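See below for the structure under consideration.
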Amino acid sequence: MSQDQKRAEAIVEQMLAKDEFSRWLGIEVLVVKPASCICRMTVRDEMVNGFGVAHGGIVFSLADSAFAFASNTQGRIAMSIENGVTYPAPVHPGDRLTAEAHEESASNRLAFYRVQVTNQHDAIVGIFRGTVYKTKQEHP
Amino acid sequence: MSQDQKRAEAIVEQMLAKDEFSRWLGIEVLVVKPASCICRMTVRDEMVNGFGVAHGGIVFSLADSAFAFASNTQGRIAMSIENGVTYPAPVHPGDRLTAEAHEESASNRLAFYRVQVTNQHDAIVGIFRGTVYKTKQEHP
Amino acid sequence: MSQDQKRAEAIVEQMLAKDEFSRWLGIEVLVVKPASCICRMTVRDEMVNGFGVAHGGIVFSLADSAFAFASNTQGRIAMSIENGVTYPAPVHPGDRLTAEAHEESASNRLAFYRVQVTNQHDAIVGIFRGTVYKTKQEHP
Amino acid sequence: MSQDQKRAEAIVEQMLAKDEFSRWLGIEVLVVKPASCICRMTVRDEMVNGFGVAHGGIVFSLADSAFAFASNTQGRIAMSIENGVTYPAPVHPGDRLTAEAHEESASNRLAFYRVQVTNQHDAIVGIFRGTVYKTKQEHP
């Protein structure tokens, strides 16, 4: 295993250990690589909104976690600046969601990510874009 | 109280009653008017991310709930199409957040909302924009 | 050539013929397919902003044209609802830009597009996301 | 006139002098203050898209110029990171558009702006959000 891959995995493990909200969501990290991450979770009854479908914040939060993990894999602490999200299809309790985050482009200080969220039928249920500011501080 | 105001309050009450995730967040609805809504919540320890500050999904979800309530107050069922969010300042456990949602503009089928999230010191911690598609279906 | 392909090409040809601003920009349509489009243009001196680099509106407009063409190829008139854009790298006069628009997801009424803009060195200089509302009206 | 006001006006004057594209658009700067700017332009026949209404890039570009001017008024060179735009109503040749840009929030390195574009009937025809990175470099 390369040093870059080891570092990526160590950082995400460390982040996830402290990430109480991702744990409440039931997020599992399936794959970590430098600048990318795949996460999964299952939607529970307590995650619905007033229409009985998954609250927008649930799809957003899963995508946001995958984005946070992916954008921190390369060593420098990355802070989220801005996010956008669209919901091509509704999500229901019991749905198993997979979020795939990857870097679309990066400069020295900024990086741009895309996260696609699909359900158990491979339908796209969320498209998320995120921008981070890469600080000069390294992960310990 | 006007008919419009009565309907706005009845719809939000009905939505909140079924909104399990907003209840988990501890969201209180303070003010409802046609096309606007003010909500409040207090950030708990279980809402943090891997950096020990509130997960981006928490600020997003509070804003998204205020947006959903506000955009449904006028009778027609409104579905979220797209959201954007920025985080001007970090949020910590114990912070008391207030989200104010109001309509910026609307056509027959679409409406555009802005939600500002502030903390107990009146600092802006979230700026959220949301677009809804207004269906032809009325709230019961 | 399939009927779908013929219709896609005819619609874009018709749109471009009336699109005075795309013509001022010098936009050439390289490839049209149902739900996708590739366009190209060269940045001129009169397209710079106060910093001497291409005005943000130039990259945006190229992407927006590619998005408009792509999202109208399937017959129904599609109206832009919302766009987001990021600029991973600056653009200079003389740069030759290529915009590739494709549909990421679609429902009956809405469709979500991504447009990537690259320069002559294949560096990404723009990432654009667009949402359209698909009207019931067909292109003539 | 305060020093801050003088500096704001001098910076925008300097930017506008080099901004060839804003001049092509016919943008006039009506008001400049620290962190805000009001601009105006009239839509011409050569600014339409394939539907005969103003190209999305026109409303975007006006808003983007107002945003660029406003976000540079305080001395430090500010670079646009990300923009979002929605179009509540169509724009036609002959329409006189006014864009009002103001800062919604700022930290040391980032600032968040909102720009509202209205037509001659005071109808909102564009809502634009922009984020800048504030470099350490000062305007000369």
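Which chain is which? They are A, B, C and D, in the order written, and residues in each are numbered from 1.
Following the convention adopted for this analysis, a contact is a pair of C-beta atoms (placed from the backbone, for glycine too) under 8 Å apart; a residue touches a chain by one contact, two chains touch by 3 or more.
Note that the structure is predicted; figures quoted are calculated from it, not measured.
Enquirer: Looking only at C-beta pairs that count as contacts, which pair of chains has more of them, A-D or B-D?
Expert: Pair with the higher count of C-beta contacts: B-D.
Enquirer: Give the label of the chain whose average Cα location is farthest from that of chain A.
Expert: The most distant chain relative to chain A turns out to be D.
Enquirer: Distance between chain A and chain B based on Cα centroids, please, to the nearest Å.
Expert: Roughly 22 Å, centre to centre.
Enquirer: Measure off the straight-line distance from the CA centroid of chain A to the CA centroid of chain D, and report it in whole Å.
Expert: Averaging C-alpha atoms per chain gives centres 33 Å apart.
Enquirer: Let me have the rounded angstrom distance from the C-alpha centre of chain B over to the C-alpha centre of chain D, please.
Expert: 28
Enquirer: Do you know which chain A residues sit against two or more other chains?
Expert: In chain A, residues 81-82, 84, 86, 110, 131 touch at least two other chains, as defined above.
Enquirer: Please output the residues of chain C touching chain A within their complex, sorted ascending.
Expert: Listed in rising order, the residues are 84, 86, 88-89, 104-107, 110, 112, 114, 116, 124, 127, 129, 131.
Enquirer: Touching chain C in the complex: which residues of chain D?
Expert: Listed in rising order, the residues of chain D that touch chain C are 14-22, 24, 45-52, 55-58, 60-61, 64-65, 68, 77, 80-87.
Enquirer: Under the touch definition given earlier, write down the residues of chain C that touch chain B in their complex.
Expert: 81-82, 84, 109-110, 131, 133
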